[in-house]
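The two complexes that follow have chain A in common; it is paired with chain B in the first and with chain C in the second.
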Partner chain A sequence: MSEHYEPLQRRVVTVPFVLLGLVALVGLYYLGVRFVNGMGAVTNLNGGFPWGIWVVYDIVVGTALACGGYALAVTVYIFNKGKYHPLMRAALLASLLGYGLGGLGAIIDMGRWWQFYNLFLPWQMNFNSVMLEVGLCVSAYIIVLMIEFSPTVMEKFKAEALQARLNKVLFLVIALGVLLPTMHQSSLGTMLIAMGWKVHPLWQTLHLQPLLAVLTAFTMGFAIVVWEASLSSIGFRRTPETHLLSGLGKIIVGLISVYLLIRFGEIIYRGKLSLAFAGDLGSLMFVIETALFVYPLVVLLSPKGRENGRSLLWAAVSMLLAGSLYRFNAFLITMDPGQGYSYFPSFPEIMVTLGLVAIEIMVFLFVVKTFPVLPRDHQPAADAKSAA
Partner chain B sequence: MADTEFDFSALEKRLNVSRRTFLKFCTGVAASLGLGTEAAYAMAEAVADKKKRPPVIWLHGQECTGPTEALLRSEQPSLEHLILDLISLDYHQTLDAGAGHHVEELKRHAMQENKGKYLLVVEGAIPLAQDGIFCKIGGQTMVDATREAAENAAAIVAYGSCASWGGVQAASPNPTGAVGAPQFLKDKTVVTIPGCPPNPANFIGTVLFFVTYGKLPPIDGKGRPKWAYGRLIHENCYRRPHFDAGRFATEFGDEGHQKGWCLYKLGCKGPETYNNCPSLEFNNVGGGVWPIGVGHPCFGCSEEGTGFNKALFSLSDVKTHTPPNAFPTIDSREDASSATVTTAALAGAAVGAALGASAVAGSKLGKKESEQE
Partner chain C sequence: MNRRDFLKTSLGSAAMAATAGVAEARPNLEPAPQAIGMLFDSTLCVGCKACVTACKTVNGNKPTIVGEDLQWDSARDLAPETFNVIKVYTDGNQLTKDSEVDGFAFEKRSCMHCVDPGCVSVCPVTALVKDPVTGIVTYDVDACIGCRTCMTGCPYNVPQFDYDNPFGALHKCEMCNQKGLERINNGMMTGCAEACPTGATLFGSREALLDEAKKRMALKPGEVYNYPRGDVRDPSSYHEKAVPEYRQHIWGEKEAGGTNVMHISSIPFDKLGMPPLGERSFVSISESVQHTLYSYMALPAVVLGGLTWLVKRNTDGDDEGGEQ
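Let's turn to the complex of A and B:
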């Protein structure tokens, strides 16, 4: 396999890298304050909104954005589309980092985080909890992602014997890597069922919640692969992989169509369509969200749109925003816990999230430059030496 | 399920309850035992089948008949019908219509006839001091009556705290030497349903399990059915979040007490008492009717060494996680908008940066592709 991937032999410390480092430092500072003085000192969380952006962005949206590894694994290994394999390692790395961020987000958002380990003690488990499945499944998947990604590390350190042994059982790990996200991504939707009337009727779809969650996560997974591949081909001045990405565009069209059918079918069936035109915040957010879902559908429907790198990228961005907004709307923006509670993240809260994202990007840059992650570039760009 | 069609019409007449009410009851009992609908159906059939009703010998020792009273006052529809029809209650000192030597004779007759098949329920403590002279029924001491009845019993249930570990009369100095049934019948397995009074649901669930499956449900080291006594009250208490956040009522009627905060500092024994009160509440009245629910600290009635032994208002030993020494302040954040210009701008900038990077990449991608063509 080593002939397919190679590290980008470039400088790690660049101007963007340093800027990201500064953001990370500010985030880490406030993270320190959170652990010394508690959640109340740093966040705007309150009795009505115990979950802020640390949960909704870092976990709910963050893990969906990290579904690239999941979506590609299903495509490559279940539908046997081997041609997408070159994109696999970068997607896995992004997934690993995204899920790592999600796991970290769960711990820093936990009031009594030092009791986290109880989640893994069978005699302490509460099998009636919606959170248990998500918590266990996400932690298991982080480990699975580490194993899935480990061949890259072994290749770097030339541990060939170990790699050969791992390859024999890797199919089991890959199977888990497909199963686990299906489970917990749908369970993230299940949480909305438990929140009942607090969730705006346009987003409260009850038993359809898990299906919509896993569908959008899946679509976002493909969109992030497109986004990440497009940005690295520009950022690292490499040959664009548009020929591969346009195939993913086709899958995205299918998934969005199914999603929109179910979403609108439910809304019409339950007679909630008038709420979409109520003229309030909920209807505005619904219209924006729907427009963001429809845009990639329209663009990617035509072969011309799919084969053009720029429109493909914009469709992916729109899809990512749509999926993220769907989650933000349901969990935060239109949620009404009553009793006059409202929530907007505080400055330190946002900085912690941005800091963690900055660290995530920094690690990604470092790893692709030192480990064999990206597919070998067959026609190296002329200006490679001045690149990011 | 298809082959379990069962005719409940005879039962409807016998118990004077509708089939629906009856099945709902069985499902409820099965659910509180952590069993599924198939178990509920099996229980329903077992109750409906007259042949399966086990004879029951019910002894009263040193006690106030509280457990029996609690059982009779269950608010579930026709529960007393059910419990009297579910078992064949051959001998029960409080409920028997007859009295005197005639009833005692009937008891011996029933025990002889159903050797090894009857269920023995012990209610009340057994005094051992001075050869047990402190409690006699029909001239026979409780010690002898219990030993005699336990000899050929299919199963023994100690119902109530007195029967389980001695209860109030076993409290120091315990002049009568009162002990519970398990301490007296050391060589037998005794299922205990402690509580003062015990929750009738815990008794009915255990007996229904016995009737249905012919064996007793899994029990812990103190003989308590695990399904009912597996967790501390503290673990499932709905005042628990207040405990964790450091919000305590410190006096009856103070602000914290009125707001329903944790009763730990008023001496609540929930942190050291095993029972399912928080989930079942009491006497099926609903609406939060059980001691902690109505604002009184739990006094640990079902826990040996706690109820009647520890002072009512002394702090309990917290068996799980102790509260921290210092709590963060809790500020009221209702009706307060938390969005500021800075934070809104920052959130916008973050989304903008991601979009901007995509835009730059998009335009470059377009250029590159047009160059290639």
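Let's turn to the complex of A and C:
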């Protein structure tokens, strides 16, 4: 409640805010071109690469980066670690914005977007389709996130009666908020199975795809919470929440260990390890990706690394890159549909994605400065005491 | 180890895991009972591209014009306006037809009309459907949302999206049987098979075409065979020709569950641009995984029950619900 969270009393329109606005304008311009002249006018998509960065960044990677709310909800509500609650609202806001971006990305990438409602007509649904599961589940989760975040809005507008009524059923919404991402994040992995031989063998893990997808969603979710909280304290010069974040560091160590065990287990079991040293693009990307996973593991393994704000931040950055690269590699970079097809995003295509991300950050900044999202800042001394 | 080797071993182990009852594995789909199809015999193709022109005429597609070459269709690959194209394989001095070394050969690319189609399995809105009788993979433009998952799920990169049109759609061969054309329903054959002067593209039932292909495999190289043109069940004409040295491989008999459009040739199919496919279809694996996790929504329901109980317990005695 209001004694726990407060809006940041800062100016909304700052220099970074204006710069982000300029990026957003360029993106919106090219988005306009896409809707007037077709996708071919702004993208480098082709017959072999029907999905470019609008799908792979905005949806596949973007929703994983938006898993902070999911990862924290599991920690707070399923494993009952209430002490992490102060981080919850910022994580939920970032999740809502990230998934909103994913939903928006899906619409702008849809070649026949004016017929999107067919996805929701029961007689049109194909229940064999993994894409159907992703579409329905992501849509439902965006609504769930809106409800989960609504207490913040209600608090701002002092709608106490409404908030009290919502609180009675909120547990059900929270449970859905854990189930839905588990479902569609795993499905994002299952989608790779149907792409078959086009997926590089190091990333084509068949039955293990859904599990690896969920694990990377978790690691990225926790990493984004650490990253966000660290940046908020640096950017807004607030007391760092290192005591909370170092606990998350321990969870992260466990998650990465399990992930690497399964990832390498599969590769060794199927005899694909030689591919990791083949000296081609696939092996290079695999080595970089693995190094990015191992770095945070090594740093966070020692209590010293976990309790140092700076090393925590770097570990989080590395893990964000690792998870993102895992998905980029599988869906795009090492993907080979044969027949001479290749893809690299065009400048307008990149600007549309950057523009949408800029809007996402602008909304985040606006909301934390006007709504009670961030935990109330304590005196450093008091903070140190409560941490001990 | 490359993609081909990997697929051989991993699809084998996947099939084993599946048969061991890890999941309610769904096997490959079976051919439709009266499946129609085509047989492309690469050794008969002379590269005249009459089939490409006929296809465009019948389907009302515009020619592909490159530069100032207005006098012919320059289609080099499948495209929104090209459902069928002839590609050429060349090696060395390119002197001998159908020779892998120092030779050349022609290959047709068009929808293979898979028995277990990837595009049909992955389409979220049932825009792509395998006809239960003819086995033709059809497209419904009014259902399609343009997500292009079908293109990712097609092992042959066949469906083409019209990116240059703000209201574009997906385009692929529907065996000349789409609404408004319906050649098959009217007892006709596909435009390409009708136009083919050498019988390289042969029309017919999948069963009859498979028999014909097997018959050709068994022929002795050098002996004279009377090759049919048009519909294999009722050829419009025949021509005599010496039998080439066929590879003992009918592409589409078994690949990823088989296809209704089958190919034979005297050059290995990977040289002709065919993808590395095992016998099991990838979508039979992804559907097995998906239906194991979501069978009657039982698992999600149980998990949701457990989660709800946990969240309720962990927020109980806290009048602010999840807010504490």
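As a working rule, the second predicted complex is superposed on the first by the 379 of 388 C-alpha atoms of A that agree within 3 Å, B and C clash if a C-alpha of one lies under 4 Å from a C-alpha of the other, contacts with A are read in each partner's own complex, and residues count from 1 in each chain.
In this section, a contact is a pair of C-beta atoms (placed from the backbone, for glycine too) under 8 Å apart; a residue touches a chain by one contact, two chains touch by 3 or more.
Note that this is a predicted model, so its numbers are computed, not measured.
Per the definitions stated earlier, placing chain B and chain C onto a shared chain A by superposition produces a clash between them. Using the contact criterion defined above for the overlaid structures, shared-chain residue A:Ile350 touches chain B, although it does not reach chain C. Of the two partner chains placed around the shared chain by superposition, chain C is the only one that A:Met183 touches, whereas chain B remains out of contact.
In the superposed pair of complexes, A:Gln339 makes contact with chain B and with chain C alike.
Residue contacts after overlaying the shared chain place A:Leu260 against neither chain B nor chain C. After overlaying the two complexes on the shared chain, residue contacts for A:Val153 are found with neither chain B nor chain C. In the superposition on chain A, A:Arg310 makes contact with chain B only, while chain C stays out of contact range. Once chain A of one complex is fitted onto chain A of the other, the partner contacts of A:Gly48 extend to both chain B and chain C. Within the superposed three-chain model, A:Ile361 lies out of touch with both chain B and chain C [touch as defined at top]. Greater residue coverage of chain A by touch, when chain B is weighed against chain C, goes to C.
Contact with neither chain B nor chain C is seen for A:Leu162 once the two complexes are overlaid on the shared chain. Chain A uses residues 37-41, 46-48, 111-112, 115, 339, 341 to touch chain B in one structure and chain C in the other. Chain contact summary for the complex, chain C toward chain A: residues 1-3, 6-7, 9-10, 13-14, 17, 22-23, 77-79, 118, 121-127, 142-149, 151-153, 155, 157, 160-170, 256, 273, 275-277, 282-283, 285-287, 289-291, 293-294, 300, 303-304, 307-308, 310-315, 319-324. By the touch criterion given at the top, residues 37-41, 44, 46-48, 111-112, 115, 227, 230-231, 233-235, 240, 242, 308-310, 313-314, 317, 339-347, 350-351, 354 of chain A touch chain B in their complex.
Residues of chain A touching chain C in their complex: 1, 4, 35-41, 43, 45-48, 50-51, 76-78, 80, 82, 85, 106, 109-113, 115-116, 118-119, 121, 124-126, 128-133, 135, 148, 151, 166-168, 170-172, 174-176, 178-179, 182-183, 186-187, 190-191, 193-198, 200-201, 204, 206-207, 209-210, 270-272, 274-275, 336-339, 341. Contacts from chain B toward chain A in the complex involve residues 244, 321, 328-331, 333-340, 342-344, 346-347, 350, 355, 357-358, 360-366, 368-369.
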